[in-house]
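The structures come next, written out as structure tokens.
In the two assemblies presented below, chain A is common to both, partnered first by chain B and then by chain C.
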Partner chain A sequence: MEITAGYLPEMNNETIEYREIIYSYNGLTAKVKVPQLSPQQLSKIMSIVKANAHILKSFSVSELVAIIDQAIHILLDRQSKQRRLAETWLPIITGYDQEIIRTGLTTFLQRFRKHELQRFLVEDFGNPQLLDDFQPLVKGGYSKAVGADVTGHIWAGNVPGLPLWSFISALLVKSGSVGKTASEEPLFAGLFADILAEVEPKIKNCFAIVTWKGGDEEREALFFEGCETIIAYGSDQSLASIKQRVPVTSKLISHGHKISFSIIGKESLHMQKAVETSHLAALDLIRYDQQGCYSPQAIFVQKGGLITPGEFAKYLAHELSALEIRFPRRELSIEESASFIRNQQREEMSLFAEENKEIISDENGRWIVIYKDHSSEFLPSVLNRSIQVFAFDEIDEVLEKIKHYKKWLQTAGMSTSPENVFLWSQKLSLHGVTRMTGIGRMTSPEAGWHQDGGFSLADLVKMTDIEASTLELAEPLSAYSN
Partner chain B sequence: MLMDGKVVLVTGASRGIGASIARAFAKEGALVIINYLQNREAAERVAKECSDLGGEGWPIQGDVTNELAVQEMIEEAMEAGSIDVLVNNAFKSYIFDAENRKPAGELSWPEYQEQIDGSLQSAYNMCQAVIPIMKTQSKGSIINITTNLIERPVVPYHDYNTGKSALAGYSKNLAADLGRFGIRVNCVAPGLVYPTDATKHTKQDLKDSIISQTPLRRLAKPEDIAGPVLFLASDMSSFITGQTLMVDGGLVMK
Partner chain C sequence: MTQKELIASIQQFIHDEHSHDFNELALQLFRYQFEHNLPFQRFSKQKRKTPRNVKNWRDIPSVPIQAFKDVPLSCISTEQAEATFMTSGTTKHIKGKHYHPTLTVFDSSMITNFKKRFMKEQKAIKMGILFPDHEEMPNSSLARYLFLAKAFFGTPESKYTLSGNGINFELLLEELKTAQQSGEAYALLGASFSFVHLIDYLQEKQLYFKLPKGSRILDTGGYKNQSRHVETGEFYTALKTHLGIEKSDCINMYGMTELSTQFYDDGNEEIPSVKSGPHWIRTRVINPLTGLDMPFGENGVLVHYDLANFNSALSILTEDLGVETDKGFQLLGRVQGSEQKGCSLAVDEFLRYAKEES
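Let's look at the complex of A and B:
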């Protein structure tokens, strides 16, 4: 099987070279051809997108919402050609199970339907018409939100669909986009760009989805130079390298690796609730095998419920073993596999030294639950269905464990009483956590969420003000002035 | 082999159905812990047979009706590292004398109690000790041996059948609660098994009468029981719990 990834605007007879990336999974092999642009071609593309930015700006924000909505519905339609392409190719490219991709895609794409996009806009702007025209301000004067001509995206990782967050955000603020896909998943962003161009041919030259080898200084310099705003995903190391090279005049928004966790209150730990709770907690773990920044790396379980934290770890273990049959973990690379096994061995070695520690693992090494009492340290997980469960009495014990990771914390999944939701959120917010969500929902952030504490849309615009004095001075200058 | 590397504990395994079950597991590569009450020699013989069959046999004495004795036995057994399968086969000795059995209304409560204790309490003691181990393993299979008489009291041995019925109810409830830990609980309900120590004196008349109503036209042999137990212990039945397999040649059909 062979498919061409990426998306290029019209380039007038340019000969584009393609590089082949081979993926295999479950005996199937996929050959994905990604455009390999020369520095000159990349430069040309940047100029085309920039030159066409005015087209996006000629649409009203509600027109753009309607276009995105239509494109999303094409991908939600399981019979559509594009959806079938995604369902066929993504499992081979990413290694994730077909069922995970199918259900995961639908849940993910639903976030971008019209009514969700409207909430997304209201969340960041209050009045979305700020993107269309100057709007009156309470303090006096007028403001308009203006998106960049070109927003650059550097995507990372293999969680399908993830590039859509920043791509759609840029579209909503009427900004052109040039996106660089990750070699782990080069397909989906281009597929979406194709659909957009099909839904509204007028915007077909307003974006490009390309790729090059990360760290290619010549191409990256051209790219950084051509973008007003850059949204970059990746490891702390690659983000640091990007940061050094982005011109001072460009804005860099970076999303590095994050640490997320769940907290289960004792209210959820009675006989009727505990099974459901463990099921939800396990779902957060198996969705994309903890590869998302919002996936839990530890679960803190409160003591004092009918089901003890140790017992809950066992519930969780069985849920993982049952889910493994329905949604098997993807095949790990040799390095990932080695790191998973090394971690298991290290944990097993300390079994005798750490009192009350328990390890429950799958005989084929496809998941592991490590139960630790409060004296143990919380270490970042090796992921791929590896979870630490800690017992705690009071929330302060959780805070003590996470405090070293303040810079990296992101989502806390919760299952507790409304009173505790606010009490705990208050404390967690001071420790760097930026998102609380129900367990079972950790991997599906709401539209309009503040990723890593930032504004998804507001951070992409420049607010342009007409101060009240401008009008005060202007009034007497009108032709009809008395 | 089906049970390679697995540790199986069979109660009352020095003779009869229990010994036959032990041998079947050993043949499939298991380490079989042969629990016995009195007959050390017989238990050692079964252990030797287990080794000859390609598995391993390990006799451990223990009165399953005594909670403390059970705890000690399980502590010793855990030297094997785990307990993957528990077969509660032991039962309070009972004289199956169809002609001289007591009719309804003539049994004292202590007679009932004795059988309930023998059947249910012994299984309870074993399960109490083994379930925590299986929870930690996130996997396990418990098989309780009952009787087809609980479905169709061809001979209403009131005390015995009531004790076994209690065990069947106990098993289903365990199954409902332990599934969440990956522990399965099932029952095997044999019909009249011949020959065993308990049935060697069963009258020909009764045997003929049972055979005449049995589609497969014979009585069960001890080896007939081992197969279904092995099935319920192995991963071949990994999605079966809370069930009772009737092993009686089709006499009882549900």
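Let's look at the complex of A and C:
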């Protein structure tokens, strides 16, 4: 099987070279051809997108919402050609189970339907017409939100669909986009660009989805130079390298790797509730095998419920074992396998020293639950369905364990009483957590979420003001002035 | 079985392959370690492996090398050890410790195997040792190893040509010149990174030797953090260019602080070379997740079963990637920390940051 990824605007008489990336999964092999642009060609593409930015700006924000909504519905339609492509290719490329991808894509794409996009806009702007025209301000004067001509995206990782967050955000603020895909998943962004161009041919030259080897200084210098705003995803290390090279006049928004966790209050540990709670918690961690920034790396379980935290760990192990049959884990490379087992063996070796620790694991290394009492330290997980369960009495014990990770924290999945939701959120917010959600929902953030504490849309525009004095001075100058 | 009896059996086995059965001796050793090393016992029980149900050496639980850093892996009180070998570990300066109640087994394992694989039954050769002596580095298993090589197989004129201050180039050049003129075979032994320093020096000074026939080299270990990185092929080519020693006479030894037995190749004409060990150590190439053997010819992680590891753990899960061949295995380097797939901060990446900061 062979497919061409990426999306290029119209370029006259250019010969584009393609590089092949081979993926294999479950005995299936996929050959993905990604455009390999010369620095000159990349430069040319940047200019084309920039030159066409005015076309996006000529659409009203509601017209753009309608275009995106139409494109999303094509992807939601399981019979559409594009949806079938995504369902066929993404499992091979990313290695995630077909069912996980199918259900994950649908949940994910629903976030971008018209009514959700409208919420997204209202969330950041209050009045979305700010994007179309100058709007009156309460303090006097007028403001307009202006998106960049070109927003650059550097995507990373293999969680399918993630590039859509920033791509759609840029479109909503009427900004052209040049996106660099990751070799772990080079397909989906280009596929979406194709659909957009099909839905509204007028905007076909307003974006490009390309790729190059991360760290390629020549191409990246051209890219950074050509973008007013850059949204970059990746490890702290690669983001630090990008930060050094982005010109001061460009805006860099970076999303590094994150740590998320769940907290389960004793209220949700009644006999019947506990089964449901453990099921939801297990779902959060089998979805994309904990690879998402919002995926839980540890579960803190409160003592004092009918089910003890130790028993909860067993419930969780049971759920993981059952879910493994329906949604098997991605096949791991030798490196990942070795890492997974090294971690397991290390935990097993310390059982002697840490008496209250318990380890429940699958004999073929497909998942592991490590139960630790409150005295143990929390270290990030090795992922791929490796979860640590910690017992706690008071929320402060949780805070104590996460405090070293403040700069990396993101989502806290919760299952507790409304009173605790606010009490705990208050404290967690001071420790760096930027998103609270119900357990079972950790991997599907709501439309309009503040990813890593930022504004998805508002951060992409320049607010442009007409101060009241401008009009005061202008009034007497009108032709019809008395 | 008491420690004394076990040592006697192992010694006997090292000297005579037919004196014992590998499997039986391995199971006896497992029983002994299970009984006398409580952290190992707890570990084995967690894996539901006990002397009752383990009937084959392949089923003996493998201890990850990391465990040598985390817990005392010893069947005797660690204060009673005659020698404690330590890894050069860098993470947070925690070193793996391998306790040897007596060095007799380590010594006979080294001597018997070295004689066969490096000396090729030759009685003695003049040696230059590119490594500090064992008194300077009492916790280095390599220092012990090289000390034994020189003491048992080096002619009386053999010398250490490196000390804490680095390579003594003046002395070494003198030794090389003498060897070249005398026509007497010469052996240079030491850590691979010291050879890189030597190559750099000889390159800079444009010095070329043609050491006499029968001369040879033994290098071991990697270059990590100690010298620049050199590709294996380039490394042996440079040794040939500057010292005149054929690649087939350059032997690479693969050993670990956590083991008491070493592996050798038969020269480095072809790389990666094939490594093999003596009859008292066995190696499997496994899928780390399942612990099952990889199909022949496919890459996996190496597990060694070393009967000379009588006091620590006889089965060691390494972090080395390898592939089985007809005559042994090829070493393909370290299993790197896994590459990040998604956008979650995994422990491998976190530890890298922690290491950089420390």
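By our rule, the second predicted complex is superposed on the first by the 482 of 482 C-alpha atoms of A that agree within 3 Å, B and C clash if a C-alpha of one lies under 4 Å from a C-alpha of the other, contacts with A are read in each partner's own complex, and residues count from 1 in each chain.
By definition in this document, a residue touches a chain if its C-beta (ideal position, glycine included) is under 8 Å from a C-beta of that chain, and two chains touch if they have at least 3 such contacts.
Not measured: the values here are computed from a predicted model.
Superposition model on chain A: chain B and chain C are shown accommodated side by side without a clash.
In the superposition on chain A, no contact is made by A:I466 with either chain B or chain C.
Of the two partner chains placed by superposition, A:I16 touches none, neither chain B nor chain C.
When the two structures are aligned on the shared chain, A:A317 is found in touch with chain B, with no touch to chain C. Residue contacts after overlaying the shared chain place A:L332 against chain C, while chain B stays out of touching range.
Once the two complexes are overlaid on the shared chain, A:F340 sits against chain C while remaining clear of chain B.
Chain A is touched at more residues by one of its partners, and among chain B and chain C that partner is C. When the shared chain is aligned, chain C comes close enough to touch A:A156, but chain B does not.
When the shared chain is aligned, chain C comes close enough to touch A:D236, but chain B does not. No C-alpha atom of chain B lies closer than 5 Å to any C-alpha atom of chain C in the overlay.
Touched by chain B in one complex and by chain C in the other is not one residue of chain A.
In the complex of the two chains, the chain A residues touching chain C come out as 156-159, 162, 184, 233, 235-236, 255-260, 288, 290-293, 295, 297, 332-343, 345-346, 348-353, 359, 363-366, 379-383, 408.
Contacts from chain B toward chain A in the complex involve residues 135-139, 179-182. For chain A in complex with chain B, the touching residues are 275, 278, 311, 314-315, 317-319, 321-322, 358, 360. In the complex of the two chains, the chain C residues touching chain A come out as 38-39, 41-43, 46-47, 62-64, 66-67, 70-71, 287-290, 299-301, 317, 319, 321, 335-350, 353.
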